[in-house]
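Worksheet: the structure to be examined is printed underneath.
Per-chain numbering from 1; labels A, B and C assigned in written order.
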């Protein structure tokens, strides 16, 4: 039996008196496609921030790829293989689209033990990633010149550039058209087929149901459901708390 | 162009400049030139932390003064040649930069900026109360009157500062085109996203403060010899703080050329104004220019050039 | 200058002071009075930096400007400096509104990096200082008022009026501001704008206008603080610079944006400086505030009443 890639036990996070996360348990096996849904303010982004190390001072234990990652900073977790895309895209505005992709290759991939990518290899991988998300002809433009949709694709591509074992996509599809959503879902499934475990956080139920092998529901900082998508959406509590809205 | 090539070209340009200065054969050229070169080093040093990495340092005077006073200290211990003093100054100011960075770089940029101000005052107070280096009474450093080969001591100082300027510019340019430079830029653009992309932001910021501090200290090391009598108020003078910020911002913070242009333009303007009007009006002009550029042309002179160039390029493209 | 503020000295070894309980208590009292004054100096920053998140390091320059205006009205017309400052408040308010407008158009609207905003205020700090040097010169200026040389004496406790009055009026100013911020609609809008601009917009209040009013108020306090300063000590243009560290030290120590925290932190700093100056000599006093600032930033950036 293979060990879980991600093993979260009792994760809790408070902001002053406000409890954002209340004892979350979550296990993700390697190669899984997990969907994470919940109303606004339920703590989904807080969960991502705690897992990736962007937020500290949380209680509970997180194991990633067999090791306890307590105390590791965000860039160390990225190097270990945890990547995330931000809900509101945060590109590096002073550099070109291609250079944005170059950064995780330089700093996450190349920093791993045994990695020695040459400049040429990095450029090649850059182009591959740009092609994957359909941004090749924008390679030398700046994020300020991109459309909203293109920025989201850049955000995803940059997360993918870190060559992660686990990719957490935080509401990457908000505001996209029907066909664009389908493109992204297809892209994520393709990544998953390459061996990348994906946690998809989304509100677009169509995408979540198509994509997920397993569905987790978060409400007010607590996990209220965790199982096969068809069963979870029929769960009374989930209907009441989230879908009924 | 590779860094080695840049370095050699810069050296060649420096040699030409020195040659011209010798040809003019007026000591004032060397005195004024030394000041401009000093500002080139300070502005370039500031820009590594401020322009490339996005962390504003208000305490440039502190690092400059640390360099100057380390020279006084070692000179009193045992007189030694200036290049050696420069190395000591670099190490000491670098350590000060590292220490300050370690204390404050985990905070937001605004707090860092305020902390640099605080540091400058604390250091000044320490030095004012330190009698070995003269304290508030000041310290005399006797300048030798001649130097072998060159004859004139001020020409020697000019040459040293010229070398430091070449070194500083080369370092800045090398960083710009390296992965370190990319890392700095991500910190400037979005530190959170940088961390998430694997950039070790604290480590890079510490590198930036240490390097920036060391270069500023190196600029200060020959200063006691230049000025002859060193007082805390002149070493910690406000013109160093304003200028090391104004010159890169006015010249353009995005590349090594900006601080160079800013230092040359502002430096010569200030020499002119100080001599013809007064030194207070001098600082006023720098302050006004700083505010004007920051509001109207935040990318500086280099930024203006680049947007003109981009517009010309776009005009030439077929519609 | 600090010697003038802290009364007479008895020389101990190497400039240090012989310790005595009377001296310590007087140092404590002087420190508390000084703290009241420091609070007035800082309240502007508590608003602009603590609430609005604008790093206005030029604030001390406006305080010095306030000192000089109080000086002018005092010398020309014999008006009491505090009255003069109150007269000047509308002008300072307008100045603050104008500066915020430029700041907003140049930086906040464009979403520029904080670097430019800092450089902007840094430039204003120098411009103001140099203009004052050009107009007034570098000589120390001081004001004339009946209470400046008088003191209350309770046994061995010495309460100089020139420190007591600014302290009391400063506390009054704080009470007024605190009531304004917590009881009035405008005041609560100011507290809210720091946290949620969208909600404000939905309430049909313009966040920009609210911020402009808040910033203008912060500059208006500089007028009064300037009058207090020139009552307490003679002033020349570069005096403002020693206050930059004090102001931010108090602001950070007291917890950003908390008015009660500002007062407590100001008192603590005042007492710390007073003891340092009394027992170690005035030349170490600048290091106290800046040292406290560095230590607070390094180890407890949320302040004493930490968030």
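Just a few scattered comments:
We take it that a contact is a pair of C-beta atoms (placed from the backbone, for glycine too) under 8 Å apart; a residue touches a chain by one contact, two chains touch by 3 or more.
Remember, predicted model here, so these are calculated numbers, not experimental data.
Taken together, the touching pairs link the chains end to end in a line with two free ends. Of all chains, the one whose CA centroid is most distant from that of subunit A is C.
The most centrally placed chain, judged by C-alpha centroids, is B.
Annotation: 47 Å between the Cα-based centres of subunit A and subunit C. Note: centroid distance subunit A to subunit B, computed from Cα atoms, is 42 Å.
Averaged C-alpha coordinates give centres for subunit B and subunit C that are 32 Å from one another.
Across the assembly, subunit B contributes residues 188 that each touch 2 or more other chains.
Residues of subunit B that touch subunit A in their complex: 179, 182-183, 185-186, 188-190, 192-202, 254. Remark: subunit C residues 49, 55, 57, 102, 106, 112-116, 118-120, 122-127, 130-131, 133-134, 238, 241-242, 244-245, 248-249, 252, 283-284, 286-287, 290-291, 293-294, 297-298, 301 touch subunit B in the complex.
Remark: subunit B residues 50, 54, 56, 58, 103-104, 107, 109-111, 113-115, 117-119, 121-122, 124-126, 128-129, 136, 188, 238, 242, 245-246, 249, 253, 280-281, 283-284, 286-288, 290-291, 294-295, 298 touch subunit C in the complex. Chain contact summary for the complex, subunit A toward subunit B: residues 52-54, 73-76, 78-79, 83-84, 86, 90-95, 99, 102-104, 106-109, 111, 158, 161-162.
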